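The same chain A turns up in both complexes below, where it pairs with chain B and then with chain C.
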Partner chain A sequence: MRLCVGDKEKEGDLVRVGIPRTLSFFTYYPLWKPFFEALGAEVVVSPISNKALLDEGVRETVNDACVPIKLFHGHVAALKDRVDILFIPRLVSIDGKVTLCPKFLGLPDMVRCSISGLPEIIESRLDLKKGRFELYRFMFRVGQRITDNKLRIIGAIWRARYSFYCYRKLLLHGFTPLEAFPLLEKGIIPPPKVNNGEIKLAVLGYPYALYDDYVSVNLLKKLEGQGVSVVTPEMVPEQMMKKASKKLPKNLFWYYSNRVVWASIHYLQDKSIDGIIHVTAFGCGPDAMTNKLVELEAKQQGKVPCMSITIDEHTGDAGVDTRVEAFVDLLKRKKGIL
Partner chain B sequence: MKISFPYMGTSHIAISYLLSGLGHEVIYPPAPTKKTLSLGVQYAPEFACLPFKILLGTYLEAVEAGADSLVTSGGFGPCRAGYYGELHKRILHDLGYPVEMLVLEPPLRAPVDFYRRVSRLVRPQTSWSNFYRIFRIGWEKLRTLDNLEARLHELRPLTLSQKYLTAAYEQGLEGVRAAQTVDTVKVAGAEAIVEMGNVPLDMTRKPLRIGIIGEIYVVLEPFANHDIEKILGEMGCYIHRSIFLTNWTRDNTLIDGEKDVRASAVPYLNQLVGGHGQNSIGETVRYAENGYDGVIQLAPFTCIPEIVAKSIMPTISRDKGIPVLTLFLDEQTGRAGIETRLEAFLDLLRQKRMQQEAS
Partner chain C sequence: MKGYLGIDVGSVSTNLVVIDEEGRVLVNLYLRTRGQPIKAVQDGMRHVEQELSGSDIEICGVGTTGSARTLTGVIVGADTVKNEITAHAVAASHLVPDVQTVLEIGGQDSKIILLRDGIVVDFAMNTVCAAGTGSFLDHQAARLNIAIEEFGTLALQSTGPVRIAGRCSVFAESDMIHKQQMGHTFPDIISGLCDALVRNYLNNVGKGKDILSPVVFQGGVAANAGIRAAFEKALGLKVIVPEYFSVMGAIGAAMLAKSAVREKQETLFRGFAISEMEYQASSFECQGCPNLCEIVNITVDDEVLARWGGRCGKWETLRKTG
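And then the complex of A and B:
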């Protein structure tokens, strides 16, 4: 199954590994990029999400899938002719306890059955339920597809680990992934961001919906422009997540959904937020549960205002604008700022 | 306890027997109707799947009728259904109904919890030995009900009188309901099968053979799938249903069954995706290998595992040459729409068969 990397290297070319810029990208890109680069491959990332990509995705995917999955297919279609190998790992469990949404579990199979003319795919299984070191074993397996040199793989894992550590730190310092990526490139970790907005909102949702400006219709920037300081699930420290998880009688079964619910519990108990915006994709299965739980939690813990924004392939700028403005104005009035 | 439970196909006959045998007052769940569904839709999250909405509606009706406890099944994902008990409870409490929810988690995954819930059902009223006796009868009832239904599917396309066949089947259900020991259940079942066999049949017909796959609730509950099995039977198709409640319960609680089905799915989907996603793939492959004419996949709208399965279906269909029709069902689905799509699908299957016979 190994690529003819040796031949490629003789020609002076690098193997091009394609990583779609969506779904787990916002969680794991700083891990994969230095890893593949240290292995001597060139990392090609698909373009920033746009209308053309989504349209392409909508054409290729089953109509019942949610927008992020359709967009993912679009990203893969955009990459397929530009790379030698596509990196679509089968993420089964990334915290060792619960799985991800079933669509993540079946993702490589869905892509392979929906899009024709694909290059080779790395679809190794990452299931941290198997043990503590599974992440490194997984990376080793992936590395062996690129190079024979075991020492080089271990070195690459080491470098990737450091970059990932810095990335997590940046997130906890209050930077969004999009702000964190350039900082990582420069290798600097600035002190925690000070938020001095007039009101503070917890914007909850999955990384691939929140931080993809095309999917979220620029929601985060819009809020910042209105003098709102924003907190997201990625900014909650791990211990706090754990503490929040104990408040639920039964946790959900999906990694990202759990984090959204836990983050909402954390921020609600903090009493530091003025409201919650839940960003969800049309037809998202886990979110049907998540949304209701967040809503009920907000209601129980002091009636914190809660709004959910559903995103689909037709979501328009103006519609979201109006709703967000109205919500923010309402909260400001409640606080006596307006 | 005034206890109630979800409605699914004919299983209510056995479950109500079990619960009343344990000394509880059973609030019989009303068969789901449009009203049930719209009650559920009103309070359920918008993108929850059809079973969630029907169950919530059923619970609300049962609670209004006086139930103070509800029994349901749990699970550990990745299918959403495992969380439904918990969320139903929270929604009902939020609406001001302080019901007790007895969620039976899979015994292999959560043995202590399972024991606790079951003993909550058993101990206050009766003894474990009585529970064992009642449980055996209840289980036998479930099995007999499944057998009767399978027989009904076999006979429907061949019978000359749908009316008589349905009457014989319903009489059989009554017999099973009335029986009070394992032996009488068996006798009632055997009698019903003989009675159904007495219906005049036309053995010269060669009905289309269709496999039904998909998510368990919409496959088993006629209200959710607009009685698709009856529609197909009366259109002259032999239905083979992939899921029966007893097989499923056995394979998913006490032993890890269905391995062979999953093995058939591996070339296309080498990963459990929760619910019946992988089974749907595996069963389609097996129906194709067993020479079925077509497969119908039933799933509730936004059902994640079945969406994964559906996106893989065209590849299987191409590889194995088996036509697959996927029906996603929700509260907007109309019976006429389903009938039209089924008729078109069956026409295609008939033509395909004629072409095969000609060549």
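And then the complex of A and C:
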């Protein structure tokens, strides 16, 4: 059964599409939001991650999943009674070369098995290995779940494309996704951010770990508070990523892991950073490789200090505080600021 | 004469040190925290006051470190509140100026700090596992009914240490029980345990680090001659245990306080009278949002001294009016 936008609109009501605020949210929200809105749907986003959401997620999820996946379940649970459709696409490959972490591939199934009382789910498969136009074919398929009007879908794809283009530009200008979202709403693209911190750190990790302040225990804000300017993988231009990827004899199998390793290579060759912090979720399989590669790169390239921070379900941030403070101290003393 | 007080409140021990202008240790105290950091600090302050009575030493600066550093900082009025890594590194490079590697094993933390030319260039801390830290050794000593002080000397009597799995403290314990039921002697088991803990430390905390001489070993566990010998065997290097190995964090905090006070020319120290005040720590769950943060209140005579624990910071800013 398809929920028809036309029928709903006639009743003066919009179809509500729910998007969980984690995992691919930080990569794709500026694409999906205008897309669904142009199709005539209302986009509902789950609340900012909090303890209650995580607790709910931990209850619902298989025990040995990583925190981000548990949190995703919490977000879905928070949305399920407030929307008509949940948007949980099956992201297989988003660069046309490698796949995402297996948990992304099985995400819709995992959620459906764990949480009961779910509304309709759009779980269309996005696999860009099928060709460069696959993204549009995918969006077309998704659009058809909302409306029969093909012209409207094509129009929505164009609108989404433009918003996504602006978003990428904001990221390249040095804004984090959290800073970019409101700018995007207002439709302004300020000039590239000038880094004026005493020290500059590359904070590397998956977007859902870096930009979710609850999961990262406010890491980015803490660093900012200590006079550190931060760069992340999302701020590396595509051609630089490509260049960095050539340095390795072989790439990893997972999209986000590759981005982290390439970003570390890029920033190290750039020689503009004073240190690297790698943020990893406890129990993350791909990160066993990623972490070591980042560490080895940092060591090779002139011994740039490198630290990894493991995030888990803990709410006490004492451990992170101690490490971050000591790391920043180390860099400041090294530079002669302290 | 000017003196500087350093306080390191950790999970297991609370250490207080007073140093003079040249960094010489005048008073050093090692107490057990016993789960009551406020009481431990107050007891410590009472002791320090007694030791200083009759001398002309005046406390001109206070620094705190350790996992209860913020709490302690509020109670005593600290001039600097620093993390343990910085504090340990400062102390080690003061006592052994050309130190390149610091191995530190405390109650629940273990860390490695690499210094080159007196500057910290890299460090690592144990992640989620407490195997190999003081509290595990404490626990094993209690289980075997041996005083923890004898642990090291017993290990040194071993002629053929047995192999114990050191990857996880739970597995290590079952392995030890197995070996003891098989009839191995105490010294061999304990020596095997020391080897296992050192192996675990080097593979986990010291993973991929260039451990160069001089190596300084500090923290409460450095008292254990068995672990010290196991380190020397595994590294093939001489391991220096400084005279004040168990209070190095506090020495570092005192030295940091000295430089902090030099800059601002005054101290926030609330005086030794704090050991007689009624400090109360209470906590409540903030209902403001779904995060349900646990807010801690520190009060003295019904006056709120400090609040923390919230994610949004609203309670912290209420401290003055609260």
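In the analysis below, the second predicted complex is superposed on the first by the 332 of 338 C-alpha atoms of A that agree within 3 Å, B and C clash if a C-alpha of one lies under 4 Å from a C-alpha of the other, contacts with A are read in each partner's own complex, and residues count from 1 in each chain.
Quick note on the criterion: a contact is a pair of C-beta atoms (placed from the backbone, for glycine too) under 8 Å apart; a residue touches a chain by one contact, two chains touch by 3 or more.
None of these values were measured; they are calculated from a predicted model.
> Which partner does A:Val58 reach: the first (chain B), the second (chain C), both, or neither?
neither
> For A:Ile154, decide between first (touching chain B), second (touching chain C), both and neither.
Neither: A:Ile154 stays clear of chain B and chain C.
> Mind telling me which of the two, chain B or chain C, contacts the most residues of chain A?
With both complexes superposed on chain A, more residues of chain A are touched by B.
> By the touch definition at the top of the document, which applies to A:Lys299: first (chain B), second (chain C), both, or neither?
Both chain B and chain C are touched by A:Lys299.
> Quick check on the superposed pair: does A:Gly285 touch chain B, chain C, both, or neither? Answer first, second, both or neither.
first
> Thinking of the overlay built on chain A, is A:Pro47 touched by chain B (first), by chain C (second), by both, or by neither?
second
> Would you sort A:Leu178 into first (chain B), second (chain C), both or neither based on which partner it touches?
neither
> Between chain B (first) and chain C (second), which, if any, makes contact with A:Asp312: first, second, both or neither?
So A:Asp312 only meets chain C here.
> Once chain A of both complexes is superposed, is A:Met240 in touch with chain B (first), chain C (second), both, or neither?
Touch partners of A:Met240: none, neither chain B nor chain C.
> With both complexes superposed on chain A, which partner does A:Asp329 reach: first (chain B), second (chain C), both or neither?
After superposing on A, A:Asp329 lies in contact with chain C but is clear of chain B.
> By the touch definition above, which chain A residues appear in both interfaces, chain B in one complex and chain C in the other?
282, 299
> What residues of chain A sit close enough to touch chain B in their complex?
On the chain A side, the touching residues are 61-62, 64-65, 90, 92, 98-103, 105-106, 109-110, 113-114, 125, 249-250, 252-254, 282-289, 291-293, 296, 299.
> Chain A touches which residues of chain B in the complex?
45-49, 52, 76-80, 82-83, 86-87, 90-91, 94, 268-275, 277, 301-305, 307-308, 310-312, 314-315, 328
> Per the contact definition, I'd like the list of chain C residues that touch chain A in the complex.
67, 82-86, 119-125, 127-128, 208, 289-293, 311
> Which residues of chain A touch chain C in the complex?
47, 50-53, 214, 218, 282, 295, 299, 303, 305-307, 310, 312, 315, 318-319, 321-323, 325-327, 329-330, 333-334
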